[in-house]
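The structure under discussion appears below in the form of structure tokens.
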Amino acid sequence: MTVKFPPQSSKKTLVGRQGKSIPSDLALKIHQIMVRSRHIDERMIKMSKSGEAFFWIGGPGEEAFNSCLGLQVKRGKGPEFDYLHLHYRSLATMQAMGLEPAASLRQMLMKRTDRNSMGRNFPGHYAIPEWNVVPVTSVIEVQFAMAPGTALMQKRLSQDAISIVVGGDAGIAEGDFTSCMTWSTRPGLRLPVLMIVTNNGYGISTPHETQHSEKNIIDRGIPFGIPGEVVDGNDVVESWHGIQKAMEYCRTERAPYLLEAQVSRLHGHSSSSGAARVEGEKDCLEILEKHLMAQGLAAREYIEAIHDSAQQEMQEAARKVLAEPNPTAADVPTHTYAPSPVDAVYPVDFDGLPGKGPKGQRDKGGSHGVPGSSSSPGTSLWGR
Amino acid sequence: MASLVQAVRLALHYGEDKLGVTDIFGEDAGPPLGGIFTATQGLKTAWNSPLDERGLIGMAMGIAYAGGRPVAEIQFCDYGFNVIDLLKIAGNQRWASAGAFELPLVVMTPTGTGIRGSLYHSHSFESWASRLPGWKIVMPSNPLDAYGLMLSAIRDPNPVMVLLPKALLRVKGGEKIPGEPADELELSRRIDAPVGDRSDWIPQWPDVEPYFIPFGKGALTRKGTSATVVSYGRQLPICVQVANELFASGLGDVEVLDLRSIFPYDWSLISQSVAKTGRVILVNEDTEVTNFGEHLYRRIVEEFFYDLLAPPVLLAGKHVPGIGLNQEYEMNTVPQAREIREALVKLLEVQP
Amino acid sequence: MTVKFPPQSSKKTLVGRQGKSIPSDLALKIHQIMVRSRHIDERMIKMSKSGEAFFWIGGPGEEAFNSCLGLQVKRGKGPEFDYLHLHYRSLATMQAMGLEPAASLRQMLMKRTDRNSMGRNFPGHYAIPEWNVVPVTSVIEVQFAMAPGTALMQKRLSQDAISIVVGGDAGIAEGDFTSCMTWSTRPGLRLPVLMIVTNNGYGISTPHETQHSEKNIIDRGIPFGIPGEVVDGNDVVESWHGIQKAMEYCRTERAPYLLEAQVSRLHGHSSSSGAARVEGEKDCLEILEKHLMAQGLAAREYIEAIHDSAQQEMQEAARKVLAEPNPTAADVPTHTYAPSPVDAVYPVDFDGLPGKGPKGQRDKGGSHGVPGSSSSPGTSLWGR
Amino acid sequence: MASLVQAVRLALHYGEDKLGVTDIFGEDAGPPLGGIFTATQGLKTAWNSPLDERGLIGMAMGIAYAGGRPVAEIQFCDYGFNVIDLLKIAGNQRWASAGAFELPLVVMTPTGTGIRGSLYHSHSFESWASRLPGWKIVMPSNPLDAYGLMLSAIRDPNPVMVLLPKALLRVKGGEKIPGEPADELELSRRIDAPVGDRSDWIPQWPDVEPYFIPFGKGALTRKGTSATVVSYGRQLPICVQVANELFASGLGDVEVLDLRSIFPYDWSLISQSVAKTGRVILVNEDTEVTNFGEHLYRRIVEEFFYDLLAPPVLLAGKHVPGIGLNQEYEMNTVPQAREIREALVKLLEVQP
């Protein structure tokens, strides 16, 4: 990234819809992440149409909220840091956390170098152990069943890390959304789970309001005593403060909180539905840029330069990634099992059915010897 | 001698004490009950959960992600059918992340018939479980194996499911758990919660010792030459009894294998026995359409087609929607000693 | 039943805790049902201890509420009548609806004559098509997923029938409880589902308040706009009116309602936990009898006569039922499939694996002929 | 010629019109989308549901109890793994009530690989489904069969699951649906929703005619004498193609059976073919441990042990936790034409 931030007086701030503000350098940082994220998604949409890749799903329209989220994560590995149980639209969250743009392309292009899954999983399905980003699944809402587990371990540490779980508005109909609340509010054992619902108004083609009577999604927390807030996810300032307040609550109260972000879906559900740009949806990036210019925090030229730079970065990344290797047949079974000291068949990893893998072939004919009955020496008394 | 459920409890105690188990939980798993079958009585990390199997498995996954070592109990395997998706996901997390995430978790659950459980407390689970790649699945048939398999389940860094045959939970073993007190009554006094108020009760754990039965190691429970029986769990002791009777009647000397591990299974043990006897019968009580025994059946025929002296036999549960409460149903739905005997006699009579 | 009701002036009423009342003849009818239900359960508990039967689960402690429920059901077959999606503690509900006491014993004793399941299912697991009592399963809370389906068909009829679903307090942790609310409140399509939770304070050994932060279970309806009430299920008058009001709402508004009945569990969870009488739990039957006597509606002798009569009835029923036949091996596969005009293998019922049943045996060797390819005459063009 | 998904839509229309279907529903099943694969476009009883598969199956059960005729779509079979308990219950309601309750419901769901669906849109479901006693399970391999099986599913008074091979949904058939317009473009104009705003669109249904394929009737798709291939769904056309190539190369004349019904399966068809050829290969793409093909394998060996000229072969998906997105994964996980050909050539070469 070669563009320099325009010099900012430390006093300058971006003022949001409701009068709150954030420092202008933060606003510009968020802007840069949003631009980059948008370019990555747009590039990936192109790839899905050109046939370079099969499937796209991503987060255009959620960049404002997700950038603010990613920047406020306590990033690291282990229960002293935040856990992220994400939805598949979290590209900007990952960008804000520091993922290199090429990582998304590797995923999109199913390269062996894809750090998330070695070309196995869809784009947007992150898995980053260094940052506690547990594997994103396509199975809607299961992440809500898992989040209380990481939060329980965090609660025991008496530090300030929390478990952040993100899902869509349609997904709240699955029972797992409720399970998360039940398990996070057990009497005497409330858990630091930040439950986020990004409400884009749709589940694929189905409008939210045709299936849901809940006035606000956060009302679902009422019976469980879970506080919450609805924020305009298209407004950077509101998003930033909404997330800040929510995290503050979870970090200090060690209890759950519900945050609903009203966001846009700018390109339809996924490449399956064509991924054409949708008319009439608010664009958080345009909104931010308008505000930056109107409030004198950035000039049009600066903004264009940021875009150009992101574009260029994408092109370079694409060129590089396209040349990277694909997985091969040998990659099919690997990483199924962690090495185990107590497994006679798969001490290292899965390598085919018992007696069929390379190791099994070795075994065949009885290098094991006939194992003894449970009392015979054939059964090991390891660890003695 | 410890019963199977006492052996599980001793293993969990060892797990808490020496292997880093952080959480043992499930519906009624904590005090005061300590599990409806008493498997989790007196354990210091045992706690009661909400009545929600999806939350239960999700919780176990979360704990495992965050460095804990959970043992989750599904009260009956019959109540695990709404979490197959989560079990599948638990089994794929390492593969999906190309090795980045491990999920060292144990799910234990009572399985099968034999407690007059009617439609919803009699299901078998091993055929379903065997369809969960990424998992290891075990099923002990006696207390010592239950102890050794449970310790391995805890130590293994992958998801492991321990299927406990309901009918055998209270049955005592023929061998001691390493470190088990000599006197059976003493064991009970030390580790069984008292009847009535138990709020002040603290177990006096014996110093049980490490004993790991590796996954993929079956047991040759009865050596023989005339035919091979491959079984596990509740049906295993029945098969051994039938084999002994046949031998006593001079009808044959049948080898009985206790698989112990459903997956990975001990192919070496099976193949050597089949190569020796040429006659094989697979016995379990799960329903017979798309039954785990049919997988082994296929492997055996693929590899020993020309060595087999008779077509292999599968004895399994009938393909019906449930197992009825009246014992007429159960006795005519899952294999009984009589049928195993008849099938073996027939198998031994086949002239190649 | 030989006991006559004591003559009642039509003005006489039973007054409940909160000043409401019900006519005294109704109170005595309820009392009679409660007594009979209690005796059935106690008889069954004895049988489970004597070894005559294997397993008992039932409703001692819920008779007041359940009797009031059963009497107010619009009983019949088909969507013009109420559907019942019940929990396994509904013995008194069924008694109030008119089930003969022997029916419970047949179920308990797993007789072939058991009208619910032919000796297949547990006691308390009713299945009575004439009264829309769909099969009770042991699988906690699944009935809540099904109730909106029957209610949808009822809504379309524009009559007043409703779907009544009953579960316990621990079961509300399962996602299906929420599914019921989601599917019953779809915008423009609220459904007449009466959701009842009998709160006995426990799930087996686990106290409700150790796992649940919801102040009242009915609060779970708030986000969905589902009204509700908590009633003292040990008080007949309160129960009667609570149910009446709830049904009235569902019948006229054609919308869901949540009713929580605080009840007792007088004999522990089931025979698995010993089924001994629990100390210190309020007994709704004792309470009612005290009130009947205190308010001059019944004398001690009358009450004793009712008990004696129920006792006697039980003894006679037991004698009769014990002699009835058990199922046989031939009963194992029957009633798996309904006869089908489009099934070549199971036109009548399941009779063993394809090619193995009696019919299959007939087929073997090819009485079907080699079925043709999809265009050949072997494939039928039925219905032309 | 109608595509498979158009055939399903025509069948559903016939079902609404003539067979009493009251509700066709699922996530995105109603307007505007009419199903992510367009299976439910333009149907008058189609409606969108909340995103909740448990509610979906529960709703179908409730509708069926109350006299309706529901067809519920699970958007991908991959999302049916949290409702196995409800599916089991739907399958047991008649048995549990000794014949008192019937549940005439249809669940349809896309299954299998072939749309580059990665881990969570590539599962096979037939092995799981075959373990649901009380259900009938079908899987068409061409549009006409899809039509005929769907009509039977609707007419049958029991729960029926229709597994639709994802990869074949857009493939056109070789035969017309009875009543289908002569011109394929006309069909599309009449029943495919227009691109863009479709709020005023009303389909012009052709007068399709009744055509019921009975359950338990497979199809002898390619007559032959040298070996028997038993397959269904997506793999079926691949097997036929391989058989034709082998014949053209003079390597053998292979018989290919399309099972169409997974349960009940057409034992008569299978057994007559195996008796004739003595060589059999079972092909499907579900994972290979406890695979439905292993059930058939067992039945075949049990009954034809002495008639078989070679050990039967199962070609199925590998026992791995998922199918990866990059096609290298899929191509090396589920059977491909090349492997089927190699296996057949080997099978034909075996000297008895």
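To keep things simple, chains are lettered A, B, C and D as they appear, and every chain counts its residues starting from 1.
Simple rule for what comes next: contacts are C-beta pairs under 8 Å (C-beta built on N, C-alpha and C of every residue); 3 or more make two chains touch, one makes a residue touch a chain.
All values derive from a computational prediction rather than experimental measurement.
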Which chain pair shares more contacting C-beta pairs: A-D, or A-B?
-> A-B
Of all chains, the one whose CA centroid lies most distant from that of subunit C is A
Could you please state the distance in Å, as a whole number, between where the Cα atoms of subunit A are centred and where those of subunit C are centred?
-> 45
Chain centres from averaged Cα atoms put subunit B and subunit C apart, in whole Å, by 35
Where subunit A touches two or more other chains, by residue | 117-118, 120-121, 137, 139, 173-176, 179, 182, 186, 210-212, 336, 350, 353
Subunit B residues touching 2+ other chains are 50, 52, 54-55, 79, 85-86, 94-96, 119, 133-134, 288-289, 319-322
Residues of subunit D touching subunit A in the complex = 27-28, 30, 32-33, 36, 48-55, 78-79, 116-121, 288-289, 318-322, 324-326, 328-329, 331-333
Given the complex with subunit C, which residues does subunit D contribute to the contact?
-> 22-23, 49-50, 52, 54-55, 57-68, 70, 85-86, 89, 93-102, 104, 133-134, 136, 142, 144-145, 148, 151-152, 155-158, 175, 178, 209-221, 258, 261, 264-269, 271-272, 299, 303
The subunit D residues in contact with subunit B across the complex are 54, 79, 81-86, 88, 91-92, 94-96, 119, 127-128, 130-131, 133-134, 263, 287-292, 294-295, 297-298, 301-302, 305, 308, 310-314, 319-322
Complex contact set, residues of subunit A against subunit C | 173-179, 182, 185-187, 190, 209-215, 219-220, 222-225
Seen from subunit A, its contact residues with subunit B in the complex are 78-79, 83, 114-118, 120-121, 125, 127-129, 132, 134-135, 137, 139, 142, 144-154, 163, 175-176, 179-180, 182-183, 186, 334-346, 350, 353-356, 360, 363-364, 366-368, 370-376, 378-384
